[in-house]
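Heads up, there are several structures right after this.
The following pair of complexes shares a single chain, chain A, combined with chain B in the former and chain C in the latter.
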Partner chain A sequence: MKNNAKVVIIGGGISGVAIAYNLAKMGETDVIVLEKDHLASGATGRCGAGIRQQWGTKMNCLMAKKSIEFFETAKEELDYDGDLQFKQKGYLLVSSTKEEDKEFEQNVILQNKIGIPARKITKKEALKIVPHLNPDAFYGAAFCPTDGHLNPFTTTDAFYKAAKRMGITFYTQTEVLDIKTKNKKITEVITTNGSIKTETVVNAAGGHSYNIGQMVGLDLPVYSENHEILVTEAVEQMQGPMVISFSQNFYCQQTPHGSFIMGRGEPDKKPGLNVESTHLFLDRMSKTITKILPKIGELRLVRQWGGLYNISPDHQPIYGPVKEVKGFYLAIGFSGHGFMFAPVTGMIIAEMILKKPFSIDISGLTIDRFEKGNITIEGNVV
Partner chain B sequence: MRISSHPILKFNRDKELSFIFDGRKLVGYEGETIAAALHANNIKVLGHSSVKHRPRGFYCAIGNCTSCNMIVNDEPNVRTCITLLEDGMVVKTQSNKGELK
Partner chain C sequence: MNEKDIIVCRCSDISLYDLKKLMEQGYTSFVELKQIARIGMGPCQGRTCSLLVLKELAKFLDVPFETLTPPTVRPTMSALKLKMIAKGKNNEEQR
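Then we have the complex of A and B:
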């Protein structure tokens, strides 16, 4: 094991591999990525695999747009010989009430200003896009045709292989036990396989990012929550877009393979690090989905699992350095959307570390926003 | 083929049922599964895989592996190894993932 590096990235999920790739692309290859299990073993490999641009805050819209632009050419840019299973058939947001429908209208105006091709549509138009929607179970809709799907495993693999080709070092099955500091500066990372001298650490530990923060004495404003999800048997393609509702609290998408992936948020979740599967979720999920998409009820369930949302106070990521410890960077608090924002996460964190100009202005996403108190809460989350 | 006489086991055939397999009229017995009736008629290719279109046949016989999935009375992905034959059933080989109508 290498015992020193310019940068140590903690977390081999999509954020960690994307940051590593961007550092290498910008010329810094003295980088080690540490992962306590295997790559994409945490939230990345457990996520709903959707990518969307229809957000309620400007910052999230900007990041999502930039990320989708990357995904559109990711296979070529990362020179990947596998299949990213990129599908760009859109996201269909369905509303439940007139009030929610009005909010969609407002959001579409914001999205269009930024250049996101979303549009507010009627129930009739929604039924044309997804004919098996139950017309009695929703009010109106918004649609963005360039949203879609990617396979989180192959996408992680693509970033990993590209980064590795350029000289980045990856250690999996290597857990971080402690981070040593001296005079408020990072000095060393202690792992289960030895220690690494470094002055720069990136906390990209997803669900475990709070615990990594504790190692340098920080009380980060994030917590984790188990969100459950299931997959059905595969059938021929019948649903282009992801169908999602914030008020009905679900999302459901058919993957290119043909299976349906769906999940929902539970109102009575307790913070913690467990990723258990419950029968309660199956019961609620099947009732929710058969109401809005009755036909899906004919499919058999194949598998269910849970994964961690790492939630920030405003449901937007927290990027960048902290004032308490020099050399400690955050890429945390994605609130369930770390996979789809990963291209931007990679660019931004690498640019911060290497002191380069930013690809997009993320000044609103540093941790000091919570001190200043002027936060905008993202409401468009499941 | 069917075993009709056996030194130890007895096979009491129930009522004869007729069914259609890919346009052919075939005969089976009440109490057998669709896959068993097809095998007795020497039909061993029950479908084709959806990607490489290789023949698929009887495999796990307990409704787990999906190798025997067929279209039965217009319904795709019916596990014929655990579904009992009925009189007049229309059974078709399936060569894709199944279309939900």
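Then we have the complex of A and C:
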């Protein structure tokens, strides 16, 4: 194992590989990515991998838009020989009440202002887009045709291979045990396979980011929560967009492979690091889906699993340096939507480390926003 | 027999030839093979393919079979239709 590097990235999920790729692209290849298990073993390999621009905060809208622009040309940009299974058939947001429908209207105005082609549509129009929706189970809808989905494994693989080709070093099955500091500066990272001298560390450890923060004495404002998800047998293509509801707390999409993937947020979750599968989830998920998309109830379940959301106080990511420890950067707190933001995460963190001008203004996403009390909470989450 | 005709994963149609190529590319654990090529992700959930794949992995890596990590077993045991689960009694109701 190499024993020194300019930058050490902790975490081989989509954030870690995207940051590594961008550092290399900007000319810095003296970088080591450390992953305690295999790449995409955390939330990335367990996620729904939906990408949407229909958000309630301007910041989230901007990041999603920029990321989708990247995904549209990702295969070429990353020069990937595999299949990213990029599907751009939209997200259909369904509302349950008049009030929620009004919120959609407001959000669409915000989204259109920054050039996101979302539109507020009626129930009738929604039924044209997804004919198997139960008309009695929703009120109205919003639709953005350029939202979509990618395969999270191959997307991670594509960033990884591109970064590796440019000279980035990856060590999997290598867990970070501690981070040494001296005079409030990073000096060394201690792993299960040896130690690495460095002055710059990126915490991209997803569900474990709080623990990494503790290694340098920080009490980061994030916690983790198990979110469950399931997949059905594969059938012929029958549903273009992702169907999602915030009030009914679910999402459901058909992958290019043909299987349906669906998940639910539960109101009564306990923070923690377990990723168990429960019968309660299966029970509630199957009831929700047979009500709103009755035809999907005919499909057979193949597998269920869980993964960690790493949640921040305003449900937006936390990017950048901290004032307590020099050289320590955060890419954490994605709150269940860090897959779709990965292209921006990669650019921004690399630009911060290399002191380059930012591709997009993310001044509202550094950790000091919580001290300033300057936060807008993103409510459009499942 | 041609290795392209020897199927190791029936659900995802992966031949011995495909498997060997993947291992040569560096996907050398069951879970990595699963993520990149859907081996063990189909309706059988690894019940048919996992032994075959692990045996090939052991040969390729030249390590004892027992040292390899098999795929995680996850619910459910059988492929029920979602609407049957929805109609079934749940744990809370049975109390």
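Convention: the second predicted complex is superposed on the first by the 382 of 382 C-alpha atoms of A that agree within 3 Å, B and C clash if a C-alpha of one lies under 4 Å from a C-alpha of the other, contacts with A are read in each partner's own complex, and residues count from 1 in each chain.
In this text, a contact is a pair of C-beta atoms (placed from the backbone, for glycine too) under 8 Å apart; a residue touches a chain by one contact, two chains touch by 3 or more.
Keep in mind that what you see is a predicted model, and the values were worked out from it rather than measured.
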item	value
Fit or clash - chain C, chain B, common chain A	fit
Touched partner set for A:G45, first chain B, second chain C, both or neither	second
Which partner, chain B or chain C, touches more chain A residues	C
First (chain B), second (chain C), both or neither touched by A:L273	neither
Which of chain B and chain C A:L299 touches, first, second, both or neither	both
After the two structures are overlaid on chain A, angle v-u-w for chain B, chain A, chain C in degrees (C-alpha centres, nearest 10)	30
Partner chain in contact with A:I377 - chain B first, chain C second, else both or neither	neither
Partner chain(s) touched by A:T232 [first = chain B, second = chain C, both, neither]	second
Contacts of A:S286 with chain B and chain C, given as first, second, both or neither	second
First, second, both or neither for A:M1, with chain B first and chain C second	neither
Partner chain(s) touched by A:T154 [first = chain B, second = chain C, both, neither]	second
Contacts of A:G258 with chain B and chain C, given as first, second, both or neither	first
Superposition-derived minimum Cα distance between chain C and chain B (Å)	5
Contact residues common to both interfaces of chain A (with chain B and with chain C)	233, 298-300
In the complex, chain A residues that touch chain C	38-41, 45, 82, 153-154, 157, 232-233, 257, 277, 279-280, 282-283, 285-287, 289-290, 294, 296-305
Contact set on chain A toward chain B in their complex	233-236, 238, 258, 295, 298-300
Residue ranges of chain C touching chain A (in the complex, touch as defined)	29, 31-32, 35-36, 38, 41-43, 45, 74-76, 79-83, 85-86, 88, 90-92
Chain A-touching residues of chain B, taken from the complex the two chains share	66, 76-77, 96-100
